[in-house]
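By letter and in written order, the chains are A, B, C and D; residue numbering begins at 1 in each of them.
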Amino acid sequence: MNNPKWRGIFPAVTTKFKENEDLDHAAMEKHFEFQISSGVHGLLTCGSLGEASTLSFEEKLEVTQTALNVADKRLPVLVNVSETRTANALRFVEQAAKMGVQGFMVMPSVLYAADAREAKDNLRTIAKAAQLPIMVYNNPVAYKVDLTPADFIDLADCEQIVAIKESTDNIRRITDLRNAVGTRYQLFMGVDDLSFEGLAVGADGLLAGLVVAFPQETVALYNLMQAKRYDEALKLYQWFMPLMHLDVSNKLVQNLKLVETLVGVGNEFVRRPRQPLVGAEREFVTMIVSKALATRPDVSAYL
Amino acid sequence: MNNPKWRGIFPAVTTKFKENEDLDHAAMEKHFEFQISSGVHGLLTCGSLGEASTLSFEEKLEVTQTALNVADKRLPVLVNVSETRTANALRFVEQAAKMGVQGFMVMPSVLYAADAREAKDNLRTIAKAAQLPIMVYNNPVAYKVDLTPADFIDLADCEQIVAIKESTDNIRRITDLRNAVGTRYQLFMGVDDLSFEGLAVGADGLLAGLVVAFPQETVALYNLMQAKRYDEALKLYQWFMPLMHLDVSNKLVQNLKLVETLVGVGNEFVRRPRQPLVGAEREFVTMIVSKALATRPDVSAYL
Amino acid sequence: MNNPKWRGIFPAVTTKFKENEDLDHAAMEKHFEFQISSGVHGLLTCGSLGEASTLSFEEKLEVTQTALNVADKRLPVLVNVSETRTANALRFVEQAAKMGVQGFMVMPSVLYAADAREAKDNLRTIAKAAQLPIMVYNNPVAYKVDLTPADFIDLADCEQIVAIKESTDNIRRITDLRNAVGTRYQLFMGVDDLSFEGLAVGADGLLAGLVVAFPQETVALYNLMQAKRYDEALKLYQWFMPLMHLDVSNKLVQNLKLVETLVGVGNEFVRRPRQPLVGAEREFVTMIVSKALATRPDVSAYL
Amino acid sequence: MNNPKWRGIFPAVTTKFKENEDLDHAAMEKHFEFQISSGVHGLLTCGSLGEASTLSFEEKLEVTQTALNVADKRLPVLVNVSETRTANALRFVEQAAKMGVQGFMVMPSVLYAADAREAKDNLRTIAKAAQLPIMVYNNPVAYKVDLTPADFIDLADCEQIVAIKESTDNIRRITDLRNAVGTRYQLFMGVDDLSFEGLAVGADGLLAGLVVAFPQETVALYNLMQAKRYDEALKLYQWFMPLMHLDVSNKLVQNLKLVETLVGVGNEFVRRPRQPLVGAEREFVTMIVSKALATRPDVSAYL
C-alpha cells in the first residue's frame, strides 16, 4: 500500500439537510466545492461534525459519493467509520472502498468503551478489510477510548494505519508521539483551539472544524506555520480563537452550522434529537461571529 | 393510559449469541424462562447489558418478540429504545408497540449529549408516538445527559412517562426525587451495587444486572426489604456486593456473561468490538463467583 | 489501649469568632453546651467545618480546651489533627493528649496528596505518638488521598486506629469495609446527605455537620435507625435532606454558619479568605432554612 | 510602583534539608548560585516544589533570606505566599518586604476553595499590604480556584499585580488572556511540559521545575524561542519532554529531588509525610534521567 503522506487542512464537513431532515445533496455539492476552491487539502465526510450518529449506513455512503463527485480526485476524500459493531464497519469499508474513497478515519470503538486490546484488534480488523490508508481518530474525551503512544508503537506493523487524529485535548501527546514513533504516522491535530500549538510542535495537518466557515483563514494559518512565519500565524490565531472555541462543545454541530449560516455558506438544519441553538447560546455565537467578521483579517497574501 | 405501577425486579437481560455472532433465540427462550420462573416482575430487552449498540433495528424487534413469546403476558416486557436519531426511535416504538410490548425504557439521548431542553423534547416526542408506559433511563455517567428532579417536575404532564431508572450513581437522587415529585413516578434503582440503599430510601424496584445469574437472590433481597426485614436483607446484600460491583464497569457485559457461564445459565459470546475477558480480569471475576458460590445463602424462605 | 467503641452523633463543631476574627470562647462554651444537652454522643473540634486551616497551632489547643471544659467528661472530645507536616502533628497530639482529649481525628495527609504508603506511615507515626484512640478521616474528594478497604486491612494491627470517618462520597464503601474488616473499626458516615443510607448499611455513627444547628433532629434520626423504625426515620430524613445538602459544598462553613444564625444558635463570622454568603447563595440557604422551619417535625418523642 | 516586566526563566527552587529535616542553608546557597550562574532570570522560593506546606512562617523567611544573600541583587527573588489565613499572609508579605524581596507569588487561596469574589478580594488585600510586584499563581488543578481571563480584567486596576503564573494545564488560556487583557500582565507558563507551547503562543517566561537540575537547557530553550529558532527549540524540547513530565505529578518534589541527586546538584531529603521514591517509581525516574543524560544536547551555543 502506498502511504499518501496526508498533510494540510482536512475539513470535517457538515452534512447538509433540508428542513424535513432529508439529505440536501445540492447544498453539499456547493459546500464541498467552496471548501476545495478555498484550498483545503482533503475532505472528511460523516464525522462527529457530520452528525454521523443520525445517518444510516446508506446515507453515509451517499454523502460520501457526493463528496467524491465534487472532489473529482482533486484531493483525497476520507469517510469516517462510525459503526458500533465491527461486522458493520467491515461491510462499510468494503462498500466505501468500492465507491473510490481515498481513505478512512476510524474510531477505535464507538459507544462501547473498549479497552486497548479490543480497540487495537478492532482497528486491525477494519484496516485489513479496508485495504486503504486509515487515520485513527483518538478522542477519549468524547469516545472514552484512549490509545497511548505505546499503543501506536504496537500498531506500527499495520501498514494501512498511516495517520492519527489527535483529539485527547492534551497537546503534549504530539511531542510524546514524535518521541515514541517518530514520523511513522502523519499527525493531525483534531482540536480546533489547539491548532497553532499543534502545528508548532510538528503536527502535519489539521482535521478541523471552523474551516467549514473559514477555509481561507484556516489554510492561511497552515501556510504561515509551514513558512515559519510564526508571529503572523499567532496574530491570525488570536483572531481565530474565539471562533475555534465553538468547536470544543457538546453543541459543536449547532454552533458551527450557525456560524456557517451567519457567514452565508450553510444552513442550520440538524437532525433531532439535536436542535438549533436558542437564547443565550445563540446570542453568544452570534456575537462571536459578529466580532470576528468586524475584525476579519485579509489573508489573501498567505494563500 | 393506565399507569401500570411497575415495581419489583426487572432484569436487563443479556442478548444471547452463537459463536458466529448470530442471535441465539433458543438460548434466550431458556434464559427468559429461567428469569420468569425465578420470580422476577418484569423483563427489559435490548438494554446496555443486552448489547443494544450492536443490534440492528430488526434484531432488537426479534429479541423482544422472543421475550414476549416466553413471557406470554405473565409479566410485562419492556424494550429499551436506543436509536440515535429521533425519527428512528419513533419508527421503533411504533413497531414494538404493534408487537405487543407492555412498555419502553427510553434514554433521553443516545451518543449525542443533548441538553435538557432537547432531551425532554425527545422524550415527549417518543412518548407520544409510543402511546405506552415509559421508564426514562437517566444515566449521565454512561450517556452524558442528566435529567434533574426539576426536569422531572417539567415532564410530569407527560402521562406516558411513568417511571425512572435512576442511574446517576448518586443515591441522594432517590430522596431528592421523592421530595420533588412525590410518587408521580415509580423509581427503579439502576445501579446494582446501590440496590439495598435504593430500596431503603424508597425505590419501588430494581432495574438490575446480576439478577441475570442470581434471580432468586435478587428477588429475595427485594422481598426482605418489602417485609422490613432489614437485618436479613443487609446480610444478603453484603454477600451479594462483590458480585454487584461487576455491574458497574465498562466491561459489565463481559463480566455478567462470564458470571452467567460460571453458574451455568449462559454463554460468553459477545459481538465485537467487545471480546470475552482474559487474564487478570477473567481471574478476578472467576474468583468473585467462586467465593460467592462457596458462601451462597439459602434464600428459599424469602421467595 | 481500651477501645472506646465510639458510636452515635459526633458534631464537627464550628469555631466561633468575634467580628475581628478573634476566638469567641464564650460563644463556643454556649454552643458546645447546646450540643451536649441536645444529646449528642461526642464532640469533634477543629475539623474542616471548624475552619482548621485558619487556626494556629495554639488556637486549636485553646478551642479544644474550651470544649473539654464544657464537656467535663460527659462525652468524648476529639480534636482534628490537620498539621501539614508530620513533625508538627506529633507535637500537636502530644500537647492535646496532655490536655486530656479522649481521642483524635487524623487525616492521612493534609495538602500533600500522599500515596497510600506515605499516608499509612504518617498515620502510624501519629498514632504511636498519640497513644489515644484515633478516627481516620478518609476524604479523597477534599484531600485527594483515598485509603481503600485493603489499606484498612493493613492498618488493622495499629491498635490506636479504632474508627473511620467515611467521606469518599461512595456509599458502597461502608459495605465494602464491613466485608473487608468486619467490625474491626467503628464506621462513621462523614457525609451529611448520606446519613440515612450510611446508618441503613450499618454505620455506627455520624460525624455530622447540620447537627450544629439541628442536634435533636440528628439524634432523633440516629435513635430511630437504632430502633429499626425505618419508615419514620426516612420521613425525618426526607425533611432533613435539603439542609443536609448544604454540608456538601465548598461553602459548607458559610452555609452552616448562616443556618446556625438563622436558627439562633450561632453567628456568621468567618476568617478570611472565607467571607459570609451574599446574593443568590445567601437567598438559597435562607429559603431552605425557612422551608425547613415551617415544616419542622416534632422529634421529642424520639429523644 | 514600577512594573519590573519580569521575563525569562524563574526556577521554583527546591528547599534543601538535612537528613533530620532541618534546613540546609549551605546546600541552598550552593544550589541558588548554581542556578544564577547558569543564567536564570529570577528565583522563586517556597513554592509547591519548595515544600511550602511543611515550612513554618519563620523558615520561609529564612530560606528567602538565604536566596537574597546569594542573589545579591543580580536577579529578582520572589517568595511564594502560601498562608492559609489572610491575616497571616499580610504579616508574611510585610516581613518579607522588609527583608528586601523583589516581589511575591501569591495563590488566590490555599486549602480553602475560595470563589472568585473571595479570591480576588484576598489578592487585593495582600497586594495592598505587599506594596511590591505580584505574580498570581493560578492553579485550579492543585488548588481548586480558577481565576478566568474575565477575573483578570477585573483585577487590572490593582497595580501590584503584574504577572500571572498560568498553571491551568490548559494552553488555550495564554491566548485567551492575550485576547482579554493584552500585555497588561506578564504571562509565565507554570507547567513544565507545556513550556514550548506556552512560549510559542507568547508567554513571557517560565516559572519552571526541571530547571532546578537542567538550568542551562531551560535557558537555552527560552533563548532559542526568543530568537525565533523554533526548529532547534522543538528538537531541544523533544529531548526535554520525558523529564518535564516529572513535574506534573503528585510526586513532583520527590521526582525532582531525585533528578537533582542523579545529576549531582542536590539531595533527596524531604519532609514527611513526603518520602523519597521507592520501587517502580524510583526506577522510572532513574531510567528517564539516564536516557536524558545519554543523549544530552550541547546547548553552550545557545546561552
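The working rule: contacts are C-beta pairs under 8 Å (C-beta built on N, C-alpha and C of every residue); 3 or more make two chains touch, one makes a residue touch a chain.
A quick note: this is a predicted structure, and the numbers were derived from the prediction, not measured.
Listed here as common contacts of chain B and chain C: no chain. Separating the centre of chain B from that of chain D, both taken as means of CA atoms, is a distance of 51 Å.
Chain centres here are Cα means. That of chain A falls 37 Å from that of chain D.
The multi-chain contact residues of chain C, meaning those touching 2 or more other chains, do not exist; every residue touches at most one other chain. Taken chain by chain, the contacts form a single closed ring in which each chain touches exactly two others.
Annotation, chain-chain contacts: A-B, A-D, B-C, C-D (touch as defined at the top). Note for the complex: chain B touches chain C at residues 171-172, 175-176, 178-179, 193-194, 196-197, 200-202, 228, 230-231, 234, 237-238, 241-242, 245. On the chain C side of its complex with chain D, the touching residues are 21, 53-54, 84-87, 109-115, 117-119, 121-122, 125, 144, 250-251, 271-275, 278.
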